[in-house]
Amino acid sequence: MKRGFVVLQVLALLLSPLGPVFAQSQTLDKIKESGVLTIGTRTGSPPFAYINKNNEWVGFSIDLVELLVIPSISKEVGKPIKLTKKESTPPTRIPLLNSNSVDLIAGTMTDTPERRQSVDFSLTFFLTGAQFLVKKGSPIHGINDIAGKRIATQQGSTNAKIIREKVPNAQLREFPDQPAAFQALLQGQVDAYTNDGIQLYGLKAKAPNPTDWEVVGDFFSEEPYGMAMRKGDAKFKQTVDAGLKQGFESGKYFEIYDKWFGPKGELPYPMSPQVKAYLLKQIGK
Amino acid sequence: MLDPGVIVRNFKFLIVQGFLGIGSFAGGTLRLAIPAIVLGFALGIVVGLARLANAAWIRVPAVMYVELFRGVPLVMVIFWMWFVIPQLLRLPIPEYGVALTAFVIFEAAYFGEIVRAGVQSVPRGQVEAARALGLSGAKAMRYVVLPQALRNMVPSLVTQMIVLFKDTSLASIIGYVDLTKAAQIVNNREIRPFELYLFIAVVYWICTYSMSRMARRLERRPSTA
Amino acid sequence: MSYQFKWSVLWSGQSGYWLLQGLITTLELSALAWLLAVALGILSGALRTVPFRPLRAAATFYVEFFRNVPLLVWMFFWYFGVPPLLPRGVQDWLFDHGAEFWAGMFALGVYHGARMSEVIRSGIQSIPRTQFEASVAMGLSVWQAYRLVILPIALRLIVPPITNESLNLLKNSSVALTISVAELTFQTRQIETYTARAIEALTAGTLIYLVLCVSIAWVMSSLERRYAIPGLIARVGGAG
């Protein structure tokens, strides 16, 4: 077994210079043929991807695909590409990708080593960490206060997993999607809802009485968001990354960021210098 | 405390997009329910007749089909259609296709049982008399047995159609924007669950109740044969 | 890229434990909801025959409204819609004691109670009145006629459709996953998300349901055959 694996690796190394020349991308072929890029994204995760008051499906992640990734794919396949959106949630996104129902997950998916075993991730396009959303005045101030408390999470999310491991006696309530979990918090069915900080701010801003709620606690995990695709399609990954890279380089990414998170955006959330440095480091800057 | 205004404000989205399926999202309760009922019944006739066949190679698969699909929850069948079939066929299927196929395949098992019971309710003497008059087996089925069977089936058939109509709400779990999903989307931003879910309950009820009223009228109608 | 099966995900890690937990929750949920459904079915069935109009109307309203609206809608309604209208103390108690389970149980029981009511009613109606008249004519008292003639026939007529309906209840309990009840389908998806193995997880879940339903149906139908009255083949239609 082991020897076979080594032989394979050597072979792969030997062949790798030839790789790009013969690179075949099933995903790009499919997109070229159909003229459509199908993404899986969220319906209730403002401001990344949600359905707004006019019943339009919008958000930061969707804009990134539309303005950065699509042009790069168009260039690669040599024809204009249309965007189709499908709903994906934490429990459904990997199966949807593997079943070819969608080509790219662009929502709020955290890039983790574990998930990398089943999918590939693009460059990181956002960096956040898990916190708690609670009612103002709640005794919960962070992960150390949640023992025995009712905590809402999304099924299949990284946060659910961490809480399960770190605070096994917290009463986890796992919901199939974010709006249901958030609603459980609003109605007092749970004491706190844990998710990535930025999403909690987004929900708070959209709550009926935003001032009643607060986001508390230090990041108890690091959550770099990436776009996920089927494993092993290097050419497609290259194309997606090229789009994002181009966005970072030209500053277009920061314009889109400003549209959603700038002072006049949906959710003012200035980018810290550390995060900016982290994002730019990916492209060697 | 209650705010009926939420219904008024979102009436168009709920009814036009959610119920009828006209709009920018793939959706619509009626757009899914009507073809699902028609195709489910059509496949149900095939399954039901196959279960009554004399040849074992037709009968046994039909029995297995019915037992299989009556033994698992519809939610499971939907997940199979959504995740597994596209992976095996390496073919993406849109939500509408996933939902429609899942409903047709699942409900055909139930329709099949109704068809079988209906055919069995026709006295044997009818077939024998038809054969004695010189009709072939197929003709006896078509002209003598099926018309009578159909009349006997009407009540359970309509019950099953109502069940299917209600079951289409499960398409919302795969992101198909039917009436239920539309209410969820609105609820996600307005947080008015009591009003919204009660409203769609009434919409569903109006449809299903009128279906059952119609059935009762059909039952009362004197036989025309 | 053909699919590589990896069945070991079902017994490695926590998968087996999750499936077992899910199965137990499904059985608990279904059993409690079944008791509620049968109680409501008998109660509303009886109320529909009392000579007092408002009670009759209430029972008819219950049956006609609750069985004609999708179960999924009832799940959301009982879980999200109703609790905010309850007094604060009751809410807190509920939320501390697995509100999603109780809401799911309630939704399932109330919905199927309305359907049970119909099944029971059509079963009793299918016994010809002449049976009763004949027993009385033969000198049995009303009580004896019920105990010795009507009930034995009614039970035999009702048991098959009730079995059917109970299996529907068991299968429909899967809808509770939408309100975060950790039943069998929920746990199947849990395995899916932690292992990214959709086919294996779904197969395991499907097989468990199948074995459960087929074995219940088999036990009931052998009971049915054992107690069948020779010559009585009339069946009550009850589908779905």
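Quick notes on this one:
The chains carry the letters A, B and C, assigned in the order they are written, with residues numbered from 1 in each.
Everything that follows uses one rule, which is that contacts are C-beta pairs under 8 Å (C-beta built on N, C-alpha and C of every residue); 3 or more make two chains touch, one makes a residue touch a chain.
The model shown is predicted, which means the values in this text are computed figures rather than measured ones.
Of all chains, the one whose mean C-alpha position sits at the greatest distance from that of chain B is A. Of all chain pairs in this entry, the one linked by the most C-beta contacts is B-C. One inter-chain figure worth recording: chain A and chain C are separated by 40 Å, centre to centre, where each centre is the mean of the chain's CA atoms. Between chain A and chain B, the centres computed from C-alpha atoms are 37 Å apart. Separation between the centroids of chain B and chain C, computed from CA atoms only, is 20 Å. Among the residues of chain A, those in touch with two or more other chains are 95, 98-99, 176, 183. Shared interface positions of chain B, i.e. residues touching 2 or more other chains, are given as 83-84, 87, 90, 173, 184, 187, 193. Shown for chain C are the residues in touch with two or more other chains, namely 1, 80, 84, 177-178, 189, 192, 198. Those residues of chain A lying in contact with chain C across their complex are 26, 90-91, 94-95, 98-99, 115, 117-119, 150, 155-156, 161, 173-176, 180, 183-184, 187-190, 230, 232. Against chain C, in their complex, chain B makes its touches with residues 1, 67-68, 70-76, 79-80, 83-84, 87-88, 90, 110, 113-114, 117, 155-156, 159-160, 162-163, 166-170, 172-173, 180, 184, 187, 193-194, 197-198, 200-201, 204-205, 208-209, 212. Put simply, chain C touches chain A in their complex at residues 1, 80, 83-84, 91-92, 95-96, 99-100, 177-180, 182, 186, 189-190, 192-194, 196, 198. For chain B in complex with chain A, the touching residues are 13, 17, 23-25, 82-87, 90-93, 95, 173-175, 184-185, 187-189, 191, 193. Residues of chain A that touch chain B in their complex: 38, 43-44, 51-53, 55-57, 86-88, 92, 95-96, 98-102, 176, 179, 182-183, 186, 206-208.
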